[in-house]
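Accompanying notes for the structure given below.
Order as written gives the chain letters A, B, C, D, E and F; numbering starts at 1 within each chain.
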Amino acid sequence: MLHEVKVDKPNPAYAAMLQEQLGGANGELKAGLQYFSQSFRIQDPEIKDLFLDIAAEEFSHAEMVAQTINMLNGHEVSNTNDNIGQIESQVLSGLAPMLANGSGTPFTGNYVNVTGDITADILSDIAAEQRAKVVYEYLYRQIDDQGVRETIDFLLNREEAHNALFRQALNKVQKNKRSSNDDFGVTEDSRLYFDLSTPGKYFDNPFPTPPSFQEPSQKKEPQGQPV
Amino acid sequence: MLHEVKVDKPNPAYAAMLQEQLGGANGELKAGLQYFSQSFRIQDPEIKDLFLDIAAEEFSHAEMVAQTINMLNGHEVSNTNDNIGQIESQVLSGLAPMLANGSGTPFTGNYVNVTGDITADILSDIAAEQRAKVVYEYLYRQIDDQGVRETIDFLLNREEAHNALFRQALNKVQKNKRSSNDDFGVTEDSRLYFDLSTPGKYFDNPFPTPPSFQEPSQKKEPQGQPV
Amino acid sequence: MLHEVKVDKPNPAYAAMLQEQLGGANGELKAGLQYFSQSFRIQDPEIKDLFLDIAAEEFSHAEMVAQTINMLNGHEVSNTNDNIGQIESQVLSGLAPMLANGSGTPFTGNYVNVTGDITADILSDIAAEQRAKVVYEYLYRQIDDQGVRETIDFLLNREEAHNALFRQALNKVQKNKRSSNDDFGVTEDSRLYFDLSTPGKYFDNPFPTPPSFQEPSQKKEPQGQPV
Amino acid sequence: MLHEVKVDKPNPAYAAMLQEQLGGANGELKAGLQYFSQSFRIQDPEIKDLFLDIAAEEFSHAEMVAQTINMLNGHEVSNTNDNIGQIESQVLSGLAPMLANGSGTPFTGNYVNVTGDITADILSDIAAEQRAKVVYEYLYRQIDDQGVRETIDFLLNREEAHNALFRQALNKVQKNKRSSNDDFGVTEDSRLYFDLSTPGKYFDNPFPTPPSFQEPSQKKEPQGQPV
Amino acid sequence: MLHEVKVDKPNPAYAAMLQEQLGGANGELKAGLQYFSQSFRIQDPEIKDLFLDIAAEEFSHAEMVAQTINMLNGHEVSNTNDNIGQIESQVLSGLAPMLANGSGTPFTGNYVNVTGDITADILSDIAAEQRAKVVYEYLYRQIDDQGVRETIDFLLNREEAHNALFRQALNKVQKNKRSSNDDFGVTEDSRLYFDLSTPGKYFDNPFPTPPSFQEPSQKKEPQGQPV
Amino acid sequence: MLHEVKVDKPNPAYAAMLQEQLGGANGELKAGLQYFSQSFRIQDPEIKDLFLDIAAEEFSHAEMVAQTINMLNGHEVSNTNDNIGQIESQVLSGLAPMLANGSGTPFTGNYVNVTGDITADILSDIAAEQRAKVVYEYLYRQIDDQGVRETIDFLLNREEAHNALFRQALNKVQKNKRSSNDDFGVTEDSRLYFDLSTPGKYFDNPFPTPPSFQEPSQKKEPQGQPV
């Protein structure tokens, strides 16, 4: 584990909620498996290495989340009426962390987006990191436990780091001749706006260019320290 | 329907593959339901209208894809050995289009990403449009039928138009004080690179700034015609 | 939307329950997608038009239910112990309506029955409308909010209207020579009763005839007003 | 088993298709479990007994279908290119019948409709029996094996018998004061027709009355023999 | 039913938890369907008969569990805040037992392990019986109702009986020349220990022999009475 | 990766089948995640270390299987009629390995058995390893490619090694006072045999003792070399 985890006290109801980031749609397991699966079709060895670095870190995050859930679950199965969300930990897993989300829906390969196209995959990853950040923000607001808050704060900030790295990767492969960005926006149909709902039409017709992020490093702020 | 569809001749094997864009992970139904679901928490009325316009168009695309599948399925259930992928159309739906993907996995709400956060939602949509484009490219390569190819070409280009519009929307809401971009990259943990896989470390430590796309309209090319 | 919706006050616990009619087994999305999918194989243009009318209305109902859920969810994620059922709205969707049922199980294409046979499809639709009515009755009893009750009352009554229309459609296609009713009940095996459980045998051997509903319009009561 | 099964020769491709009626949406397992689950809330002891008789018979049918699949799968796992649909039997189950449909989607409790309302449940059952008949018709057309055809013919006719019995049961409980038929069609909203699609409006406004089937026994044909 | 069931009083929250053993991963339905499915490829007629005996008993247990849930659910749908886990019984099934687990995840064929290999199947069954026992232990601790406790106690002990019988069956087929035990542990690769985690290596290299249980009947205690 | 993988030539049809051991019910991902999840509740530090060693190795196996699938998928999406099983690689993932089984069903957390009870968990693991071996045997028989066969042979033998290690672990914790083996077989109900199927009763009443494996190391054969 990259970061020690601790909890102030058991809290099975919150453990259920935190399951979201172990086995849920934007959780750590999903993230690690997505980057792992995508890495197989990446040509550029430096990008591939980046994907495997981040995948390995996400699996480590999954371990941190699971360990936190495990401690929050405490030591006695119980059906007290402050349980919320999934109840499987109390009847099935014996308080062990589960591969399911906060409502008990099992983790599914459907969460993982892989296309074999470097541009589409990186855009999926940037979006996934942003969603993961948002879920951690929701979870942070619903707990006072300082140990849990420190762990969430660390994980949330790591998602931002990955987000920035994936954007650098996208800019690096922008000229890739075999990606879905190479032939972007070349026909008339791609430049129309269909106004199909009331009230009106607030956007001009698009002029599609390939997705490209502003360079994060344009900013002048000091760099973080290497690891 | 926004565009007439036709097929040169029935082709049940290809109909199975095309199911991917009706009931699959990057299909039209997923797209329409994603933008529809996201629209409920959008504050800005112009962005909300954009989402509902695109959602309505995606539902129309779903109808086009379904109608194409219906014609490709022909008129007789059969178990000839050139069937590939899902077989449900031959044994369950009586050749009607199905809410399932190319391998017969049922459409699931898991495909739909909604976070209630405008930045995360738009990034998810840009990624979804790029993935949808890629799937259409794969499908295009595997069919000679000119009618089907015209429909795919139209749909692929519309995904590019949506992609560009969503990027404009993201730039429009960039300063939103209640989105996940507002507090992006402020701690030390967000500026580290963990080198966890061999061979090495090819990327500098990140310096996270909020995701922001290059303005598509910087280009000087002529605008498409309004609708 | 066909009918304005309002709620007296936020009620996240009830919002979770109402998810049942957005993303659940008998919900509005299921209904709309079922009639939409079935419509592709319908030969009779009048019946096909009826299916598309009702499908369009169900999608509009889905919007009403989603908007109601959105208002009931209020404005702050919370883990108070009066949450019941699904918890995803608090940890994943940021209080936006979800494509899931009251316990958080994602919407699935498995809910949608399509056979390509006009008789089987209409019987499925009549049953679906009756089940939808029942779910609304259960939901109605568990809420005091007058705004919500008005919406449920409207939706429940619309399901009855659809139910009656589908029965008229079935009687209209009764003589269809290509449907599963055409060769109903012609062998000896279809006229046996196997008594396989205790206590006894309370029904005579069946004499199967094709399913056919009593004509709703036999009644003398005044007709409703056209729209 | 109520009826001996046999096959002329192994046919793994057809075995995959026949899985539809073991583990699919309208299969025998679904039917048996649906009637079993519904039986718990039935008040009328005669109706309850009927449900358990039919449930028991459906489980017996499941055994017949499974045994037929087992024989069709033969004795050697193989990846010859005439496999269609699901491939799990060749790589996972060792040629044993599986709890999955023809495309390999696992059986799910989502197939089972239970509402606790006698009218809605019986209407669901009539629809389910009609769909099961239709699937058997599709399967019958796609096989020449006489042994398999005899089994399908038997099963198809039994679904018709159940269909007729469920209709008798519905008519028997028509006056039930605690069912969803008791308050059917009493408000203005239930008597409107919303014309929401082109081309037009071909149906009059409905006048909803409770669903009620024409009495099957009105016909004068001779009764089958008791069992 | 093999054993009468009763409950002291309704308890919908506990009914939700008990769903785990009706429609959950280690529940009675899973057990019955697993042994039923496995029986088709069993060669030894005595073992096959044993599997069908136990399968029949598990279906009977499923009925006992379902009847207990039905009584615990009481007579009025309600959204009181002591509901925990799944909420579908209150909004969908009208208080009837459901084919879902304690959190509302539908029963799935994925729970059922079938390989067509007698050794692997029996080992799966022994593990399944042990897990079922554990779930019953968790459920037992969370209820004071004496009626429910008696039923759980009976079911838990029956799982132990099945466990022992399956172990006898495994020892009986140990010499089976067509099972996965026949060629167990013959290569060098099967005798290595890879030490891949900190802290250390606490186990010697394995020397694989086929799985084989100590004979339960070595003990001298008196035998139970026949049935 | 612990072992280099290679393939003689691309074979997309076989790649689909091999998906079974990446994303299927007895695949490497399931194994790794199962032991990882179980490890959190293990008290004995030596057993816990063993679980993490084997989990790490299974994740490495998953990488080997994924890399093999990746090479077998070749370089061009195609819909030739020798495709069997899942078709998603050709339409969705762009020939990248997928988190799904051979028929395209997505990986699910339902495959993972965790109970928090050391005895039940180890028995589940022994059964899982035996099933994994069986699947590899089926896959081995259906391919001539020598590169693939070498990889399968290695993986199959490693499952046997794990199997033996888990049995040693079970014998080590046999006296554990907090496991489900501690109170095994103490009531009369656990010593009955219910004869519920024809033809007869071939097994004596059981006398349940806790599951316990014959010591693998009783054999006199030479030990493998340490790593």
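Here is the rule we go by: a contact is a pair of C-beta atoms (placed from the backbone, for glycine too) under 8 Å apart; a residue touches a chain by one contact, two chains touch by 3 or more.
What you see is a predicted model, and the numbers here were worked out from it, not measured in a lab.
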{"item": "Reaching chain E from chain B through chains that touch each other, fewest steps", "value": "2"}
{"item": "Any chain that touches chain F and chain D", "value": "B, E"}
{"item": "Pair from A-B, E-F or B-F with over half of its contact pairs in common with D-F", "value": "B-F"}
{"item": "Between chain F and chain C, distance of the C-alpha-averaged centres to the nearest whole Å", "value": "42"}
{"item": "Centre distance in Å when chain C and chain D are each reduced to the mean of their C-alpha atoms", "value": "19"}
{"item": "Distance from chain E to chain C - Cα centre to Cα centre, in angstrom", "value": "35"}
{"item": "Whole-Å separation of chain centres (CA-atom averages), chain A against chain F", "value": "28"}
{"item": "Sequence positions of chain F contacting 2 or more other chains", "value": "25-26, 81, 84-86, 92, 94, 100, 103-106, 108, 110, 115-117, 134-135"}
{"item": "Every chain pair meeting the contact rule", "value": "A-B, A-C, A-E, A-F, B-C, B-D, B-F, C-D, C-E, D-E, D-F, E-F"}
{"item": "Residues of chain F touching chain E in the complex", "value": "2, 25-26, 45-46, 49-50, 52-53, 55-57, 60, 108, 110-111, 113, 115-117, 119-120, 123-124, 126-127, 130-131, 133-135, 137, 153-154, 157-158, 160-165, 167-169, 180, 184-185, 187-209, 211-214, 216-217, 219, 221, 223-227"}
{"item": "Chain E residues touching chain D - in the complex, by the definition given at the top", "value": "23, 29, 33, 36-38, 40-41, 59, 63, 66-67, 70, 92-100, 106-110, 112, 114-117"}
{"item": "Contact set on chain C toward chain A in their complex", "value": "76-79, 81, 83-88, 90-92, 94, 100, 103-106"}
{"item": "List of chain F residues in touch with chain D within their complex", "value": "13-14, 16-17, 20, 24-26, 81-82, 84-86, 101-105, 134-135, 138-139, 141-143"}
